[in-house]
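Pasting the structures here.
The same subunit A turns up in both complexes below, where it pairs with subunit B and then with subunit C.
And now, the complex of A and B:
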């Protein structure tokens, strides 16, 4: 084996993650060193992961097979198989892990002496390793095992701060939902085995009849959709992501939900192959619902991490829209359009990893400094935490898909694939595509509004509580982690082509069609346009124009207006007494108009409690809004109710508690099995 | 060379004409109220004076408040560079399209909204919150109507779309363009804070949206914000007139006189639409805030019907 091959680098990376997990347990008594050592090993492992995946995508074309353990018991063999798609997801994972682990060195330090840091770091490293193995596993059984490990480890991390009851509830909901999803996957895998006698997902699915393929598609869609958090399977996501410590939230939102996208591409797109147009249409419909509803819920949240969690649902929706177009175009044989759409969704998934990672880390920094996630208790942090503010602003602009950040490029590619998908005549698809355009537009504007709210209410204005007033900038190492991610967001926004070329190679390997001829880029310095089917954009040039206009404006104003002088004075208060922080707009007030317009989604019920004798000068006013959780109430509660009722009924009929009847059951079963073996 | 000429012409025309549009609208409104009104060029005088004044800055605010006027102004001007005023003076290709146009304007709006929250003023929050709602509701119809025209013209670039529209004869004879025209006109009213969505002349806290966000600005900062808003308004008007009323196919001559003629025709179209906007302001009343969704829905339905007519119901065969 060559020392400098991608295969060796991948194996080193895996071993280092194992080492990090072991180190976390070995140094469990010295919490401070435990934290530093295991995180640094994770960073080194991730750097190896970046090198390995880049090498795999750019240099080596053949898939890598690594057989770690091959047992004589059927199906239980640990084998890895890494092709371009796996490597691409490993690349996203590793990039994120470098930054999150750097951040964790500072962030976890406030657990020292209070919590089991060693245990946390063990779970953290093992969780990263499990995601790594999900992306690289070589057969369906091993995939399922690592998938389950990933779910369980993330469950333990979600309930890590278990003294809060809502965290426990969130954990329980998460573990139930994720197992429901896994159950659907298992059915899919069993069908796979029963038709092909093999769990090899890189093999051929030609033996599977079309009807079974449709059924398997539905199974995989529900299974992976639950992990992705796509509406209506999303209910665990907005509870679990905020409950976890922020560095874990960054990993969960940034990359764990992307394993579902990986699974969909691996098992549906390449293994089953796209069989009919309605598959893509169904995925687009799910995407449309996820992005609009996700962003609407995000906008009204006052909890920063809940807002970010719902925004993840929105972004998964955008990725689903891209995937759906890819599926439809593939079914219709428009391979270039399909390639464009898959590139768009992979690229957006990569970007989302970066900006959502940075935003969750930023939210963690706020929580670290103020011990609260509630925007209503924040305000004025821009002066206390200038670097964190800058990074959150960058992440927010990227998440709102605004030029010149990377979020915009992903969305632009999705728009272009929708554009290419509309041809006069095909009624249903055209309507679906133009509705997707409308949805993307509304989602973009509402995402911008949500992040204006997040940034404006938390960082600007006057502090709304004592904690916000006392806040201090977080340790430098945390800001480095967040800063790298945000810098990458801006850099990829300005120079999208290097990453797009990587994505293009992945798609070329995946479906044999490349867009590299159409992805034209000029010189790096002078002019850097991105061209798809004749439509050109150049974020870099826009950035240059922006800077030039600002300089020009400064110069002209200096000539006309002379020297700048300003006077500091209080904000306009209509001539009444001095303003205080409670007169500012609150988070709830900010999103109230949208809440009223879309009241069908929220069904808010408001309660106003006024105390005091004087009607116009009350002593205290308490205002609470409660949103009805529609999906829980109208979709999940009936299902749970039916399941509960059925199990209670069967309990009294079958499970009577008398040992005689149980013996009878065993006897009947044995009899039936014997008869089955004799006659069939 | 072509690029430099384009940039110079574009910036000069847009910067010089945009305050005039406001002047025309105010003049027409004044006449309708039997007043003489301020001079047509009043906004130029105002801007000139504001540039020379000192600024008062809220002591609560941070750097976000001070950089916003520059970012808002420069995004408006950058957006103006994406929408050519004439097809005669254009570069080889403009590296930006309608999707980028929307995103560029969103950058300016993002900063305007956070600056409004920066001063801890209730008015600012109010304006910002209302703007959030209006922009979210109007955005789908902007992209659907521009996409419809773009799909017919086979390009998302404004320049290519304008070139293609020159060959369509009189667009308003085709139902698609009637729908798109009406949708875009409604969008202009909403995006440029006109009655019935917002009232540019009011400073009453119950009604203001755009003005509420600018309330804390003074001096050169205010001048930049006002000019930026005027440029943004002209950008939207330019999109409308140059797509639905293409004019460069009428010009038979070449050379410098063709450029002058083309710019003159452009100016006439802008004046025409400005008067139409003024009439829309005169003949409607400001909607209750929660009636704005109806207007946005109307605009969206119009653009969507336009799309349906052409791409589903076979309008492309006519």
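And now, the complex of A and C:
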């Protein structure tokens, strides 16, 4: 074996993650060193991961097989198989891990002495390793095992700050939902085994009849959809992501929900193969719901991390729309459109990893400095934490898909694939595509509004609370971690081609179609996708023009306006004594118009509590809005109710408490088995 | 040699019929003692045969263990347990004795038909020994269902165990020694725990009627 082969690098990376987990346990007594050592090993492991996956995608074409052990017990063998798709997701994971681990060195330091840092770092490294193995596992059983490990480890991380009751509730909801999802996956895998007699997920699915394939598709869609947090399976996501420590939220939102995208591509797209058009249509419909509803919920949230969590649902929706188009085009044989759509969704999922990671880290910095996640208690942070503010602004611009950040490129490619999918002669699908375009446009606008809210309320204006007033800039390592991610966002936004080339190689390997020739134009900055004229865009040029226009405008003002003098003075306060923080726009006030427009969605119930002796001179006014969560009320509660009723009834009918009847059950079962043996 | 085993298996089956027909708890224990003695006899014959033909004496040791445990120790323990709890004469069975006996007959017939289809056990003719011993298992289970008092359940459990043991003995002609010893240790533990539980049940409910356990459910 060569030392510098991708295979060796992958193995080194895995071993280093293991080492990080062990080191976290070994140094459990020296919390400070534990934290530094374990995170640094994680960073090194991730750097190996980046090198390995890039090498795999760019240089080696054959899938890498690593067999760690084969046991004599059937199906239980640890084998890894890394092809381009796996390597691409490992690349996203590793990039994020480098930054998040850097960040953790600073962030976790506020746990030292208060919590079990060693345990946290062990869970953290093991969680990363489990995601790594999910992306690289070579058979369905091992996939399921690592998938479960990932769910369990992330559960422990979600409930790490378990003294808050809401965290416990969030953790419980999360573990229930993720297990429901896994149950569906298991059914899918069992169907796979019953038809093909193997758990080989790289094998052929030719033996599976079309009806079973449809059923398996539904199983996989629900199973992976739950992990992805796509609406209506999303209810765990807005609870679990805010409950976890911020570095874990960054990992969960940035990459863990992407393992579901990986699963969908691996099991549905490549293993089952796209069988009918309605598969794609269903995925698009889910995507449309997720993106619109997700972003509208995001807009009204006052909790920063909840806002980000809902924004993740929105982005997963966009990725799903891309995937759906890919599926439809694949089913109809439009390979280039399909390739473009898959490129778009892969690219967007990569971008989302970067910007959502940076935003969650930024939210963590805010929490670190002010000990609150509630925007109503923040404000004015741009003065206290200029670097954090800059990075959150960058992440927010990217998440709002604004040129020249990377979020824009992914969405733009998704638009392109949607437009390209509109071809004559298929009315229903065309309507779906046009609808998706409209939805995407609305989503973009709402996302921009949400992030204006996030940034404006938290960072601008005056501090709304004592904590915000006392906030200090976070340690340097934390800012480095966030900064790398934001810089990458900007870099990819300006020069998307290097990453697009990587994605294109992945898609070439996946589908046998390469688009890079059509995606790249003259100065390596323009795209000409699919010969649709007029759809040429160059973010770098945009940026240059933007800067030029601003400079030009300043110049013109200077020339026309002449010299002006600057004086610093308080804002005119209409004759009041002084302006204070209570006079500024609040988060609730900012989102109120939208809340009223979409009343049907939020069903807000408002409460106004006025205290004081005289009605016209109140001493305090309290205003609270409670949103009704329609999915929980109209979908989940009825299901829970039915299950509860059924189990109560069974308890009364079957579980009578009489030992005789229990013995009778055993007796009857034995007799029935013997009868079965006799007559069948 | 096979004649002896046939006869013994029928006798063991017959002893479980007698058990089913018993009305008093004292007589359950007596019948169980007789059944265990018959099993010990079967193991003894098999052990002698084994020591002459193959020179292995482990089955003889097992035979000794059966005598010590199942013929002497466990019945004495049960008697002691029973003596320590309040004695009340009550109707202990749910169904009539004649109906239960008829059901036992039906079970034997059913077992015969069920086992007749299994290859490997039957070499040409149907292996009566295995049929009889499997029937003992089912009758033990039926006995547990039909008795109300907790001691009835213990005896039923022991009969099931006897049935399983004799099935294994007849179909393998001597299991590995370690397996035998493991089974015995399990049985002793189970009986001791069960005996203890009977005390507790009696303390809590002032009766060992397990129908009274119904209100324990959640």
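What to note about this one:
We adopt the following convention: the second predicted complex is superposed on the first by the 655 of 680 C-alpha atoms of A that agree within 3 Å, B and C clash if a C-alpha of one lies under 4 Å from a C-alpha of the other, contacts with A are read in each partner's own complex, and residues count from 1 in each chain.
Following the convention adopted for this analysis, a contact is a pair of C-beta atoms (placed from the backbone, for glycine too) under 8 Å apart; a residue touches a chain by one contact, two chains touch by 3 or more.
It should be emphasised that the depicted structure is a prediction, and the values quoted were computed from it without experimental measurement.
In the superposition on chain A, A:374 contacts neither subunit B nor subunit C. After overlaying the two complexes on the shared chain, residue contacts for A:658 are found with subunit C alone; subunit B is out of touch. By the touch criterion defined above, A:596 lies against subunit B but remains apart from subunit C after alignment on the C-alpha atoms of chain A. When the two structures are aligned on the shared chain, A:5 is found in touch with neither subunit B nor subunit C.
Counting the residues of subunit A touched by each of subunit B and subunit C gives the higher count for B.
When both complexes are overlaid on chain A, the residue A:671 reaches subunit C alone and has no touch with subunit B.
Within the complex, the subunit C residues that touch subunit A are 94, 110-111, 113-114, 116-118, 138, 141-142, 144-145, 148, 153, 210-211, 213-217. Those residues of subunit A that touch subunit C in the shared complex are 651, 655-660, 663-664, 666-667, 670-671, 674-675, 677-678. By the touch criterion stated above, subunit A contacts subunit B in their complex at residues 299, 379-380, 382-383, 397, 400-403, 408, 411-412, 415-416, 419, 422-425, 427, 430-431, 434, 437-442, 444-446, 448-449, 451-453, 455-457, 460-462, 527, 529, 534-538, 541-542, 545-546, 549-550, 553-554, 557, 560-562, 564-573, 579, 581, 583-585, 589-594, 596-597.
Residues 48, 51-64, 70-71, 73-75, 77-78, 81, 93-97, 99-100, 102-104, 106-107, 109-110, 113-114, 116-126, 128-130, 132-133, 135-144, 147-148, 150-151, 154-157, 160, 215-216, 219-220, 223-224, 289-290, 293, 300, 304, 307-308, 310-312, 314, 316 of subunit B are the ones that touch subunit A when the two sit in their complex.
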